[in-house]
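Two complexes follow with subunit A in common, the first pairing it with subunit B and the second with subunit C.
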Partner chain A sequence: MDHFPTNWGRPRNDAQDLYNTYPLHQRPNNTPKDVFADGVQRTQQPIVTGTSILAILYKDGIMMAADTLASYGSLSRFKTIQRLQSVGENTVIGASGDMSDFQYVQSILEELMIEEFTANDQNELGPAEIHEYLSRVYYARRSKMNPLWNSVLVGGKKDGKRFLAYVDLLGTTYSASTLATGYGAYIALPLLRSAVEGREDELTEEQAQKLLTDCMRVLFYRDARSLDKFQIAKVTDEGVVISDPIKLDTTWGFAEKIRGYGPQTQ
Partner chain B sequence: MPDGSFSHPQQRSFNPYTENGGTILAIAGADFTVIAGDTRQSEGYSIQTRYAPKVFRLTDRAVLAVNGFAADGNMFVKKVKQRLEWYRHAHAKDMPLRAIARLIQTMLYAQRFFPYYVYNILGGIEEDGTGAVYSFDPVGSYEREACRAAGAAQSLVQPFLDNQIYFKNQQAAPGQSHPLHLPLSDVLSIVIDSFTSATERHIEVGDGLEMYVVLAKGRSAQGLEGGRGVQELTTRTDGDRVFVIRRELKKD
Partner chain C sequence: MTSIGTGYDLSASTYSPDGRIFQVEYANKAVENSGTVIGLKVKDGIVFAVEKLIHSKLLVPEANKRIQTIDRHIGMATAGYLADGRQIANRARDEASNYRETYRTPPPLTELVTRLRLYVQAYTLYSSVRPFGCSTVIGAIDKNGPSLYVVEPSGIAYGYNGAAVGKGRQLAKTELEKLKLSELTTREAVFEAARIIYLVHDDAKEKEFELEMSWIGDESGGIHLPVPKDLHQEAEQKAKDALENFD
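Up next, the complex of A and B:
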């Protein structure tokens, strides 16, 4: 509200005052002056984006998958971007949405982990703490109407306990045994749920890896902003391992037999 | 251009709110209160998780249910709990229920121009030993009631409660009057029926049900202890006691 009594009862904008017969004197502009005001821009939409992240619990820990593409609108702009990142010894995070915002978050986390390391108190932040921290960062930024435009999955295993949770640009958080962001939430999550829910303690590493690979393949077939190159991260009692980029084997032989739409005439 | 002036056009496409579905409900008895909520969290047509609690124990005699925008809800509960802890350190006792209610109204109204998009229902035991329910709107208007439903299926559940708790549109038998308060077993049945019905007819309700029961000091926990899915959260039996009952709801 306008706290200055001299402004009360007057039109908000002199230029719009059609009934004014006498020029109103210039009202003081009492708002804080910021010479950079016109130069300050806030993220109103993502620019260079990553697509889905998938993550599941399995017998020995958690597994997460993401392709290596960063898109610029419909252009496949950067094809070897790593979207999975280890944080400390027990945690991995994966981000979809704006990649520059994600890189900023990575730098915050690196700074945080260094600060915690120098405390030298034999404590290390685990996945639950990293997730809590990130949820505060994202919620604080949305509350300033200046969001970090990401959906992030945080996974890990510490002291024998598995952890998997989500946080996004609004600060919304939740936890489940299978998680997916972006298109993955529509296409891959039903497949993941039917394979994982209730079998979190039985699923072997091979089964988990095959499941995620199959889901990445389905996503590559249907998500136009995806790539056939992806990485899988796992966190077990042995720590974090992020794989080298894996190439999906795909079959396109059926395509030429499809009739009914496309360029064919018969 | 965040200088607050109207001299240049402004546009904001970012919407800082969303709606995460679910329903909460509370009913006060003579010397107990039941506060319940489902555990589904959703956005649009997607189920985000099947277990995200919306009902929280604040003290041995107060339970808070939050519904609306989940991120705001979690932050709000966190801040209320922090204020209650400060109160405990300053006064060496738990804050009474009516004081918690006023605290919540103040905290909500403090955010009047950027509200917590959250509907709160506070339930528990008053200092005089009676069961109480306080319901709030997002900016802090509140009143004490006997029962209240809020959230996605409010429009399905509240009319049912009006009929079953307030006996609206019911005629008492000749020479008799409607009871002022219902017994605990009846209230629990009404709560369970409310949620199974809401689960049938509302897509954002389901997965799990958490019912918190707060019993006034000295009231027997008969019919509650050792029941299916019942867990006591308080450690002492010589004061007000809090129990939680967990049930499954349909997951489709």
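Up next, the complex of A and C:
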């Protein structure tokens, strides 16, 4: 209840103003103190976006794939954006969703890694720690009603242990032997699961690479926000390697038989 | 010092009649009593070496490091009060991080030293604080190549090719002058640095010391790291041998 009688307005009975509240020229100021409060804006939607990230466990470590596109709505605006980023010696992260938010996350991770490096205690944050840290960052921002609009996969291998986990704009986290974000979670994930689950310790590097390439091809055929150029990152005992952009070979011979795509008039 | 008892040393904000600030000079005394610190700027990198005096056998070996890392490519070693050295290192890290946030690029050492010396100098201005009781040897490989500075308690900072502060600085400086620093590789400089620290150490006065060394160079990938264990041991052994032949 508002305890300021002067805010109660005109008395019900003009003849009797019990609390002497009306008219009062000086009113307490109970409006928001911050004059710019109405001007504050929060992220309502992502603007420049990246699409799916795929990641799997395999024999020697983990592998992650992402195309190099950053879309502006349905426009393929930036075609050479790297969406996979190594963090330290043992971790790689991949982000879909808002690319400016991802760049911000990259900068705070860089700061974090330098702070840890200067501690000079011969410890380095591994994938598990980085994932936990990110999940706290994302959850804190969603709790301020101002989320960082990403779905992020964190993968790595440290002390012989593989790690793969997901975190998104709500701070939701989960872990599995195959993960995918965005459109890939609908289209590629079933393919990845049937190929990987139960065979995490048998899958060779070549098989893993072929699997991810095939899934990226399927995604390029079906996801209108994707590109036929992608990168693959792997983390093994030897550390992180992020490949140069790879061009997908695709076949479009069937396209002219699709009604509404080819030269048919009817 | 004749100035004692004249009242001009009661505050860092008071000059003596002949234009000196005694509190700053006392701070320099604190540095002069400390174990020697040297820094070498060579062809392709920087080497730091510290004679860390061990005042008790109960101390954990390799604890209380006198060499600290400021940014990936920036390192520093301090002579004087270790606690003051840590305070300066923390400030330097904040400044480096702040520079990165503003300009999105690794801080050049000149800029960092400028900010750091202004901070140190501020502590010579007020009666409520004392000047820092430590000198800082700070070095980096940045976009301009290797560079090395010393920040003194007065807040002055000079650039050096070879720097020495602390107890054995005079002898260390003469030894550094004999070297052709601009032709040395970082690896060679590690051996020279170890040798100089062992040379300037005074067995008669101080018994125990630990040799602490770090480098920034091509071999460390332009990053400030402790000198690898095997190289450290090799350099230390050579230094001991050289000393015995010298005697």
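Criterion: the second predicted complex is superposed on the first by the 223 of 266 C-alpha atoms of A that agree within 3 Å, B and C clash if a C-alpha of one lies under 4 Å from a C-alpha of the other, contacts with A are read in each partner's own complex, and residues count from 1 in each chain.
Methods note: a residue touches a chain if its C-beta (ideal position, glycine included) is under 8 Å from a C-beta of that chain, and two chains touch if they have at least 3 such contacts.
Note that the coordinates shown come from a computational prediction; the quantities given were computed from them, not determined experimentally.
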{"item": "Partner chain in contact with A:94 - subunit B first, subunit C second, else both or neither", "value": "neither"}
{"item": "Touched partner set for A:176, first subunit B, second subunit C, both or neither", "value": "first"}
{"item": "Which superposed partner A:118 touches (first subunit B, second subunit C, both, neither)", "value": "second"}
{"item": "Which superposed partner A:147 touches (first subunit B, second subunit C, both, neither)", "value": "first"}
{"item": "Partner, of subunit C and subunit B, that touches more residues belonging to subunit A", "value": "B"}
{"item": "Doubly contacted subunit A residues - partners subunit C and subunit B", "value": "none"}
{"item": "Sites on subunit A touched by subunit C in the complex", "value": "107, 110-111, 114-115, 117-118, 120"}
{"item": "Complex contacts: residues of subunit A adjacent to subunit B", "value": "1, 12-13, 29, 31-34, 37-38, 40, 42-45, 135, 139, 142-143, 145, 147, 166, 170-176, 185-186, 189"}
{"item": "Of subunit B, residues touching subunit A in the complex", "value": "1-6, 12-14, 16-18, 20, 41, 43, 46, 48-52, 69-71, 74-75, 113-114"}
{"item": "Residue ranges of subunit C touching subunit A (in the complex, touch as defined)", "value": "65, 68-72, 93, 96-97, 100-101, 104, 226"}
